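Shared chain: chain A. Partners: chain B in the first complex, chain C in the second.
On to the complex of A and B.
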């Protein structure tokens, strides 16, 4: 499969503190890809750089053959990169319905996401549609964050710590829905620590250590190599 | 207090509240979305009043002058934001305060150069110059009723735009979390420019509304700025709904305070109200960021 999203030798940091030294990864259309690593290794910094929240100091990011590093955040989202951030960042002063509606980007193709289809996808949100964003449980907030990103009708969905701090039953629900998204052909880049769930869904894994991609491989290669889990993931 | 006086003062309080809301709406959104403190907001209030007084003189039609002055001040706000302010979004609050304080001085001096130091009269259309009877034995200036109605209509429109439209959702989302709003495809910079220009236009409208009551003069924006900052803080930074409720509260407390208490007490009542509210709700009544 050819890459429709690619990062080449990305470097980034905060002020004088460099966090990413050499990050390169590729995602093919429809692929489910993970970015794993211990805390503080540069996962979120990579995501923030992709989304234009942090300006990379070197390297290149391509989407569909067009260079997107250095673009403003809203332009990156408009290109079709949906973002589910760590900590969810639900708008507390907007209702559930408004949180979804504000993010809607129509791309003129059939079967686009809208408020009704997101409510069908996460029926729990439909029950809460008039509630404020600050009146939701952690699980509901995560569903809303994913639903909101889907409203942008993304070609690539990026999730940072998708299931962190959620009850096991909610986590299972989120994994099930992510599986359905994969089946629908949405490309996904996910940062998470749940190796078991990821191994069932992912096509390819990248492991980041001290700001560099130190290992990459398919699911079978990762699961048959416990030494990697211990060395880079602390499992 | 007689019923007549109570009704009259209630209308005065409501009118002050609506005018304060128009001034504060732009200020609180600019503060909420871009974390930018604009002390020059009061200058736009003043400039609007001066422009309206001039346009009335030129055209002789009050309502046309009002529309022209509101549009012109909105344009000034747009230019100000586009050319200067946006370079200061990422600077400290101290830098922003110094910059916009500088704007106050510049606006005051430009006003002095163009219009001189003597207060301008704001001539009213004849229909609004006569008092009307609002209840038996109680006369009330028709101009005050007209601006109260106009202010309420504008406040209602603004409220509907903020609460019911997609642009309103973007504005509220931007006030809550600018970065996330941008990462969902919203051009927050453009939204902010529009908000700033609209805020300037609303400040001008409020200035024009208060012109016939308090005279159009240099420095008329500073006292209103202080009140607007109090409204912003009480209502919750970035919240238009909070600004509306806080503005009406301040309008009522200030107006009735002046009638019921000696000046030494009435002048501090609104600040006491602010202290009381912040003691129980440190982030104001309806903070945009939770």
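On to the complex of A and C.
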């Protein structure tokens, strides 16, 4: 498969503190890719750099053949890169429905996401459609954050710590839904620590250590190599 | 206290209809026992309410504490007054004749306010928090001192509007006519902004008050939305300035001093920020308290200030949340007992 999203030798940091030294990764259309690593290794910094929230100091990011590093954050999202940030970040002063409606980007293709299809995908949200964002449970907020990203009809969905802090039963529900998104052909880049769940869904894995991609491979290569788990993931 | 919990404490929208009906009956009541002064007092309250409704669009929904809305108010009032002044003198302004016709000077005032809001908004909306407040305050005072220095239009003394302002020949004639005009304009903008707040545009403005970074992550540039909101807000406040010039037949730099800006913030907070019509309640309380308290004591501002503090501390949703808060306290006591 050819890459429709690619990062080449990305470097980034905060002020004088450099966090990413050499991050390169590729995602093919419809692929489910993970970015794993221990805390503080640069996973979220990579995601923030992709989304234009943090300006890279070196390297290149391409989407569909177009260089996107240096673009304003909202322009990157408009290109079709949906983002579910760590901590959910839904808007507490808007209702569930308003949170979704506000995010809608129509791309003129068939089977686009709209409020009804998001409610079909997450029936719990339909039950809470008039509730304020701050009246939802953590799991419901995560569903809303994913639903809101889907409303932008993304070609690539990026999730940062999508299941962190959620009850196991809710986590399972989120994983099930991500599996359905994969089956629909949505490309996904996910940062998470749940190796078991990721191994069932992911096509390809990247492991980041001290700001560099130190290992990459397919699912079989990762699962058949416990030394990698121990060395880089602390599992 | 979260925003949702504040929202739950605030009365629903339907009482605004009752308030408008009661306000519509006020001139009738004044005919049978009240006085013209009551109508003039209410007119003043409704104009300040409209100015604060404009401000509240960015303050209550966008989280932007602007201290320059008096300048929009002043642009509205002064544009009408200056054009009427040239009409009275029979001379021109930049080669154009003056006019007392509000169908010309009114739109001109709103247009100038729109231009002023876009120009200043493009500058101040790049800042946040205390910097935004200070920038708006500085811009407000720049215009204030400019008008004081402008001796041609009365300088510090302000200027009287000598010719009757009219709508292509129709003169208002009475305090009641001006009052109803103000009431209709206020009702129109409350309705319009209520619709706008519930639209996708309004949702973006409300969301921007929470976290702008989150908006960019879903493809929305908050700056452009905020600039449009700021411009609409300034234009609505300028319309209040136009009405002020009609009702007072006099404009003064005091109308665009930062104290007026602060009054508008107080009116919005006092009434309640989470409803478009909250400032209407705030303005009625503000103007009536100003009138009655100043009759009782020369230290009325001290008493009024304590009242504002009490409202902010006890009723986070402003006057609109008084009833629901008291009910909630009583409900809690009943269940404790």
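Going forward, the second predicted complex is superposed on the first by the 235 of 235 C-alpha atoms of A that agree within 3 Å, B and C clash if a C-alpha of one lies under 4 Å from a C-alpha of the other, contacts with A are read in each partner's own complex, and residues count from 1 in each chain.
Just so we're on the same page, contacts are C-beta pairs under 8 Å (C-beta built on N, C-alpha and C of every residue); 3 or more make two chains touch, one makes a residue touch a chain.
For clarity, every value in this text was computed on a predicted model and none was experimentally measured.
K.L.:
After the chain A overlay, clash or fit between chain B and chain C?
P.N.:
clash
K.L.:
On the A-aligned overlay, A:221 touches which partner chain: chain B = first, chain C = second, or both, or neither?
P.N.:
After superposing on A, A:221 lies clear of both chain B and chain C.
K.L.:
Taking the superposition on A as described, I'd like to know which of chain B and chain C A:184 touches: first, second, both or neither.
P.N.:
Once the two structures are laid over each other on A, A:184 reaches no partner at all.
K.L.:
May I ask you to decide whether A:101 touches chain B, chain C, both, or neither, giving the answer as first, second, both or neither?
P.N.:
Touch partners of A:101: chain B and chain C.
K.L.:
Kindly classify A:83 by the partners it touches after superposition: chain B alone (first), chain C alone (second), both, or neither?
P.N.:
both
K.L.:
Just chain B (first), just chain C (second), both, or neither: which does A:135 touch?
P.N.:
second
K.L.:
Quick check for you: in the superposed arrangement, does A:148 touch first (chain B), second (chain C), both or neither?
P.N.:
Touch partners of A:148: chain B and chain C.
K.L.:
Quick check on the superposed pair: does A:91 touch chain B, chain C, both, or neither? Answer first, second, both or neither.
P.N.:
After superposition on chain A, A:91 lies in contact with both partners, chain B and chain C.
K.L.:
For A:167, select first, second, both or neither according to whether it touches chain B, chain C, the two together, or no partner.
P.N.:
neither
K.L.:
Same chain A residues contacting chain B and chain C, which ones?
P.N.:
Residues 51-53, 72-74, 77-78, 83, 85, 89, 91-94, 98, 101-103, 105, 134, 148-149, 152 of chain A touch both chain B and chain C.
K.L.:
So in the complex, the part of chain C that touches chain A is made up of which residues?
P.N.:
Residue positions touching the partner: 2-4, 7, 200, 203-204, 206-207, 209-211, 213-221.
K.L.:
Which residues of chain B touch chain A in their complex?
P.N.:
Listed in rising order, the residues are 166, 169-170, 172-173, 175-177, 179-189, 239, 286, 288-290.
K.L.:
Using the touch definition up top, name the residues of chain A that touch chain B in the complex.
P.N.:
51-53, 72-74, 76-78, 83, 85, 89, 91-94, 98-99, 101-103, 105, 134, 148-149, 152
K.L.:
Mind listing the chain A positions that touch chain C in their complex?
P.N.:
Interface residues on chain A, with respect to chain C: 51-53, 72-75, 77-78, 82-83, 85, 89, 91-94, 98, 101-105, 132-135, 148-149, 151-152.
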